[in-house]
Amino acid sequence: MFKEKFNEGIISARDFNREDIEYILNQARVMVHNDKSSDLLKGKILATLFFEPSTRTRLSFESAMHRLGGRVIGFSSAKVSSIKKGESIADTIRTVENYSDCIVIRHPLEGAAKLAAKFAKIPIINAGSGSGEHPTQALLDLLTITEEGKKLDGLNLGIMGDLKYGRTVHSLAILLSNYDVNIYFISPKELMLRNRDKEFLRQRQVKYKEVEKYREILDVLDVLYVTRIQKERFADVEEYDRVKGFYIFTNEDLKVTKDNFKIMHPLPRVSEISAEVDSSSKAIYFKQTYYGIPMRKAILAELLSF
Amino acid sequence: MFKEKFNEGIISARDFNREDIEYILNQARVMVHNDKSSDLLKGKILATLFFEPSTRTRLSFESAMHRLGGRVIGFSSAKVSSIKKGESIADTIRTVENYSDCIVIRHPLEGAAKLAAKFAKIPIINAGSGSGEHPTQALLDLLTITEEGKKLDGLNLGIMGDLKYGRTVHSLAILLSNYDVNIYFISPKELMLRNRDKEFLRQRQVKYKEVEKYREILDVLDVLYVTRIQKERFADVEEYDRVKGFYIFTNEDLKVTKDNFKIMHPLPRVSEISAEVDSSSKAIYFKQTYYGIPMRKAILAELLSF
Amino acid sequence: MFKEKFNEGIISARDFNREDIEYILNQARVMVHNDKSSDLLKGKILATLFFEPSTRTRLSFESAMHRLGGRVIGFSSAKVSSIKKGESIADTIRTVENYSDCIVIRHPLEGAAKLAAKFAKIPIINAGSGSGEHPTQALLDLLTITEEGKKLDGLNLGIMGDLKYGRTVHSLAILLSNYDVNIYFISPKELMLRNRDKEFLRQRQVKYKEVEKYREILDVLDVLYVTRIQKERFADVEEYDRVKGFYIFTNEDLKVTKDNFKIMHPLPRVSEISAEVDSSSKAIYFKQTYYGIPMRKAILAELLSF
């Protein structure tokens, strides 16, 4: 079912209904509890085409593929590829599909992964398309939340930071629209969710609120999902500095949170969460990176094994 | 035989006689019909040293090595290597040969691969040496032509584009000098074949013609091999733009071609072939990338297995 | 014993006593005499995080891991990673440790590897930390010296070049402080050993002398270890050129050396050793690169197998 539905790959969180999400979460949980390396994908090749820099996403996909016995080819910068010579995404894809069994692509353009899937005969996995989406990050985020003891229905979730350009935020909100959640979108006015995203959530009848200061609603949250505020988005550096100041989560903040509160971050972080918070059991952003492996193993196994 | 003759590796198309070509084409055909992954080169390591950017050549060599069960190390940019610190090719080779069983090298200098082979104790494969040669590309081109139903003897082949600096063109013409072909070299005057290359073809009694406009001879061609015109070669941008205009192959052009006509391109393309042509069964440039895998598997198997 | 002592990894030559050195040298010798690939580390993943360029160290670690049947992920330039986005070493390490079983790190900061080890739950291997240390290079240097027929006790060793900033020099001198050696430090005044390093050697009662001209002591040396003088360290180019002239080792120099004299270099070299010397049996710097494989295999096997 999942395999058939997603035979073109993982492009957008919008393609997932509740059943799909539950299925892949369960497959990932099997991987959590069986973290040995295997030969499941022996003889298969994954191509990782990263037109934008990445540590976590690229390395975790590659690690997941190796853990399943498969092999990896690819590039980690557009500069070393033929893009430099003016090649289109469509041509790159129609070439690399002859060298591999699945392509993971990160690209600065919002529709890049969708375009790639249109041309490819093999599955495409969207590893971040501009300010658009990053669906496998959102899936591993849900795995993290549920494996750390939370239920998605009834969850009070704060999502804080760059809600306008943050692709992980978009995919996460879309996936959660399949559940009965309360989302608090926390950001300076300049970085609030775009109207088209809010429109989508309203259509899906998602209960959400927009707030500017996280301290106002911190005590009601089960999970706070923090993202990096990208300095480069601000025209005015002073404004960035003003905004940045609101968003330094400290041990002081932890004190008002619920006992079971958890704080997450897709990383990399700059200064949004103070290093002192790292040692709290409520801080699960490094565990979150761990969950990237079982989720990506589950996805690769689903798309590539028989 | 082949293995003994090429025990220093694949450096130049000039080293191949007709028998050598037929042998490696046949070995590659075995790989076409047996495209499963194997363990033939288990325990062997291929080093890919790319001092110039590449998508196709590097990734297809790496994919071929993985499909045969071997491993890959290397770099895709001179910037991340010790070249930056001033190391010579000879020193790099005498180092990397201790880490691997075969070296694939792409370098901006014309004699780079030959120099590398002079110093190496393991086989060197020339993956593009400046404006000089790119022999494995030419071998996969012949595989493509023959697998797509053409005979090399009697072939009417147009080679169009940058004939002066195009290394794939040089290697292709040299290999074909072993056959009874009719070659039409199509290019603006500025990018015609160099005298030394024409001298070589004359000595080998190759029948060739130089033309400036492909439409004049399009109807007699069995295959048209298009290459990218490299903007950077032109001192005068206006001249580039004038020339570029001659070389946009469209569906309109297809109409006057023979029924069995095929159009090829080593890729990347910029605008030499219009995207509308892609869907024609006469367009085989993406298939051509596919043939890179069986040809490179055949070469690696030949050089590295017992 | 070794495994337990170094369960946090290989950070500094200072952590090695004579017994540790002898143990790992012996393990490496086993690898020298059994250079077949194996499946010892099948299912294990090595992460190579190179924030500075490298050919030898990165490729030899990767080759060693592949020869043992393990897999490799990583990056070869800080530009393609999240460092570009402002991530700290601690965060990178706490992420990548979830994707791998061991991390090899090269970083421009002197304390980088130590810091990484502080945060990591898996072994860290220091592959060069700024001007500080490069312990695995020094271990392979000792393997080279002993495998090429020398005893460490009683050795008359010249170390020439950039003794101030050269990290391989520092690690080598520290390891040798466990033996009864005579070290001649040869460098222009500007690049002499730092006081803190000399202090360490005096405390360990190492017999050493500082000289400016290698020709004065060349006839007493068993081994001359040459390093690259890094042009970028000199404020004054003229001074660099003056210094550089002192340090071009030629065949003329070889004539006054002992019969069993050997000349080494961690490479890359620029012009410190003339190319004419390469063909002498006294020149063992390329063999030295070879010994990187068995030494790194021994280290990886020790840290990662049961």
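Letters A, B and C mark the chains in the order given here, with residues in each chain numbered from 1 onward.
Methods note: a residue touches a chain if its C-beta (ideal position, glycine included) is under 8 Å from a C-beta of that chain, and two chains touch if they have at least 3 such contacts.
These figures come from a predicted structure and were not determined experimentally.
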Chains in simultaneous contact with chain B and chain C: A
Classification of the chain A:chain B interface as same or different, half of numbers criterion: different
Distance from the mean Cα position of chain B to that of chain A, given in whole angstrom: 40
Residue list for chain B, restricted to those that touch at least two other chains: 77
Residues of chain B defined as touching chain A within the complex: 36-37, 50, 53-56, 59-60, 62-63, 66-67, 72, 76-77, 228, 267-270, 275, 286, 289-290, 292-293
Partner chain B, residues of chain A touching it in the complex: 42-45, 47, 71, 73-75, 77, 79-87, 90-92, 94-96, 98-100
